[in-house]
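In the two complexes below, chain A is the common chain; its partner is chain B in one and chain C in the other.
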Partner chain A sequence: MSSETLYVYAIIPAGSPAPTGAGINGSQLHTVEAEPVSAVVHTHHAGPYEGPDEDVKRWVLEHSDVIEECWNQASSVLPVSFNVMVQASETSGATAAEQLRGWLQDSGQELKQRLQELAGTSELRVEIALDAAQFPQNEPEVLEATRELAGKPAGVRRLLEKRLEKVQRRLTDAGADRLYPDYRMRLAAQCQQIQDYATTQRPEGTVSVLSAACLVDSERISELGAELTQIQQEQPSARIRFLGPWPPYSFVDIDAGAGSASTPQEGKSSAET
Partner chain B sequence: MALEVNEESLKHGVLTLVVTLVEVIQEALETQAVRRMEGGDLTEEEQNRLGEALLELDEAMDQIKADHGITESVMDLHRGLDDVVNEVVDKLINPQRWAQDAQGEVR
Partner chain C sequence: MSENHLPPAHGSAVEQPSALQPTRDPGATLPDLLEVLLNKGVHLNLDLIISVADVPLIGVNLRATIAGIETMIEYGMMRQWDDQTRAWVQRSLSRHLPMADGEEVVAAMAASHLRDDFQRIWRPGRAYLTTHRLIVHRRDPAETLWQTRLDSIASAESYTEPSVGGEDRMRLKIVLHDGSVARLSALDADRLLTLIRQQRQVPGGAQAESAAAEDQGPRMRGTMWYLETFAQGATWRGGKATLTREGMLTWKSPLDNRASLRIEPAQLKAVHLEKHSNPTSQAQVLRVETTSGEVRLAGPDLHKWHQLLHDDTESGQEVDHGAGSQ
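On to the complex of A and B.
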């Protein structure tokens, strides 16, 4: 595919300073303006980015660097997913820039409203898990199963250890279910929005209590941190990961122009070569 | 378009799959053994023999994984399988998740 397309990184309020850094593979960034918003793009002459994992990882990082720069400079940003491109229309003859401008104009009010709602916010991710060996260590069932291990031959110990592990796991699972509503409520009280997500990486030997993306007023991040410190003090077997702050990737929620023929998603380049 | 197959990567992938499946079967065997032990069906001598066989299997599997550099990929495949199973079980015991997913409201 050789026709000129626009690779889109983010939507920012019109008139915001354009990012000064480079895009993917050093591409030169510019903005396509359509009051009241602008799209940060680079002009692209090939298909979607595809290749070995290492290259994809680098491209995704370069993509997020641009979003992060927009987030630091503009008052607000709507991040766009990796590999979203706008093509020229074969039917109407409109260029990629005209297609994009048309979509920005059609969806401008909704995009502007969401940008205003997200102004001054950050996304943080909180993952709370329980250490399966530590959490139930004083439970009578665990103490009994541990006592039974003493003085047994290696083969028997192997089976008893397996049983102990099962008991620990069952008790920790039940504990995680018990703690979830309280922890979620306490975190939600510190957030504008909270959204659960499936954990992809669990530390070995732990049971997940909750994994949530939190949309927080950037000025109040430390209050969420203080709540987590409190949880850690109450529950020493809790393993807490607190990640961010990032642009509000999980809270864009834009359905603008769905069904219209001019959304960037629909103009996304196909994988055909 | 011709499919390009890297022989080394194919071997690595197949071996990872085989080792992971053996570990899944081993898990099932262990669960069964523990159940029998709890039910009092096994003498201490039988428990020891079974446990020692499992210990030898642990050692052999660790050796194979180290020799072929697949320790990490076996762990990844286990996590992937766990996630699939968790998702299915979660949906089976919480039918309302189907409706929530359909509406895109997983909050």
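On to the complex of A and C.
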């Protein structure tokens, strides 16, 4: 069995220049060209990357640097997940490059279409949370519970504080339910697509309203930013994280090889008159 | 007719505040970037291509830090995961906690079980609620401290008692059909109790709250498509619509964290059936006019939805008139 594999970083339109920078651990990049699309790869002689967390973090960042460079150079890019490698075939004897080229040709139309759709777009991440102490501070229930605290011995206080915290969270969560539809609608108006995701990190003492990956026309990022500024001004207890711009990682939407998973263009209803 | 659904400009455009700038500072975005690079992007899952973006190869520690797997399990988000990640979690759990075929973890959290034989000791571990069982398991040294099949649970209720430190702590009392009683404490006992009850319709104990609210259920609930407006055109998204007893209409996609549509009775102005292209086999959709714009919904039973909402607008208007004539 050949131990030579190809580590894949990204899919780019055919004929795009290969990135000039280095890949993971300084490895040299090249492209595997097929008709409609090409893949950016390095020749890999070992197994998948594994090791201490710090190393993996560095590799993942190096991986993302390559995608960034492709994104800056080519008209469009489909990022490939970390640690995806193409192997030579044991049965047919095809080399890794032949295998990959075959796959690029087979999935080419789908990949090409998605590349076209994603051209000129960026992914931005918006996380809006509410400060659970600040948001409901004027609610009668909170004021009442706060008054009760005064002059109580420490042990009782601690208990009452716990209770107050619960009330604050409940009221803030109800507030988040009320605010979500408005925020979602206003962000959607600035985006081509939106995808909610589960927040992996939530600042202490806040309740998440909305965490969304936004696919945005790269020229219109500042408009999304302006909308967030508005939201911040209207809602001082909002804690907003605004990340990016990144290549459209969350919007690749392709499970290539597993049948046609491409989303039909059911949207874009032009009947909106 | 103008179809500008956007809310009116907030504030005036005279004093335009500067737009919030997105950050690319790796210090702030690293965990997000890692998460996205490990979970998103093209997966090549042909058999001739080995996709090793699957987690075990990368190492458990990093995965735990970046995706907050434990946290996600604790928040019961397992169901939203893709199959790959879920399979990995199952594998990694089953290394120390054997699972039956088809058994899946619904939630896990720090917990302890009260051993109450010759002496009373709270033994700490983690509670795992699976589709089949409730387990308190200690990883190191590995020991299952207590477990029961969900269908053996006769009742589950919460109570509070002072802990050793003097603070009131919420405990769970689980009564089994064989009459035995187990007492557990858990990081979020409330949530664990709710999930146990959801997982298996376990009645509450003596002091459990009345189930009246659940009995009543919403007035109507069903599959519904919602036309969401984006920068370029609009997209029909699948989800569920609910009309509550109180007359609030909501629509939520299973992919979203909260309901995208939330129309209080007072906001509902009118409903119409109209011809409009939509993903269902029907020609008509429901156009709902609200105080802040209008939305379109499509789905089965549209006439019934229309009827219910129409009745609501009539009664809503009566109330409005009453209020206005004061």
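Simple rule for what comes next: the second predicted complex is superposed on the first by the 256 of 273 C-alpha atoms of A that agree within 3 Å, B and C clash if a C-alpha of one lies under 4 Å from a C-alpha of the other, contacts with A are read in each partner's own complex, and residues count from 1 in each chain.
Here is the rule we use: a contact is a pair of C-beta atoms (placed from the backbone, for glycine too) under 8 Å apart; a residue touches a chain by one contact, two chains touch by 3 or more.
None of the values given here were measured: they were computed from a predicted structure.
K.L.:
State whether A:154 touches chain B only (first), chain C only (second), both chains, or neither.
P.N.:
first
K.L.:
Where does A:196 make contact in the superposed view: on chain B (first), on chain C (second), on both, or on neither?
P.N.:
both
K.L.:
Let me test your reading of the model: by the given contact rule, A:175 touches which partner, first (chain B), second (chain C), both or neither?
P.N.:
A:175: touches no partner chain.
K.L.:
Mind working out whether A:79 is in touch with chain B, chain C, both or neither, as first, second, both or neither?
P.N.:
The second partner, chain C, only.
K.L.:
On the superposed three-chain arrangement, identify whether chain B or chain C touches more chain A residues.
P.N.:
C
K.L.:
Figure out whether A:19 sits in contact with chain B (first) or chain C (second), or with both, or with neither.
P.N.:
Once the two structures are laid over each other on A, A:19 reaches no partner at all.
K.L.:
Could you tell me if A:245 is touching chain B, chain C, both of them or neither one (first, second, both, neither)?
P.N.:
second
K.L.:
Let me check the overlay on chain A: which residues of chain A are in contact with chain B and also with chain C?
P.N.:
In chain A, residues 155, 158-159, 193-196, 198, 200-201 are touched by chain B and also by chain C.
K.L.:
Please give the residue numbers of chain B that touch chain A in the complex, ascending.
P.N.:
Counting only chain B, the residues touching chain A are 30-31, 33-34, 37-38, 44, 47-55, 79, 83, 87, 106-107.
K.L.:
Within their complex, state which residues of chain A touch chain B.
P.N.:
Per the stated touch rule, the residues are 153-159, 162-163, 166, 193-198, 200-202.
K.L.:
Contact residues on chain A for chain C in the complex?
P.N.:
5, 8, 11, 47-53, 56-57, 60-61, 63-64, 78-87, 89, 99-100, 102-103, 111, 124-125, 155, 158-159, 176-178, 180-182, 184-186, 188-196, 198, 200-201, 208-211, 213, 216-217, 220-226, 228-230, 232-234, 240-246, 249-250, 252, 254-258, 266-273
K.L.:
For a test of understanding, state which residues of chain C touch chain A in their complex under the given definition.
P.N.:
3, 5-7, 10-11, 16-24, 26, 28-46, 48-53, 57-59, 61-62, 65-68, 71-72, 75, 77, 80, 166-168, 227-236, 255-262, 276-277, 279
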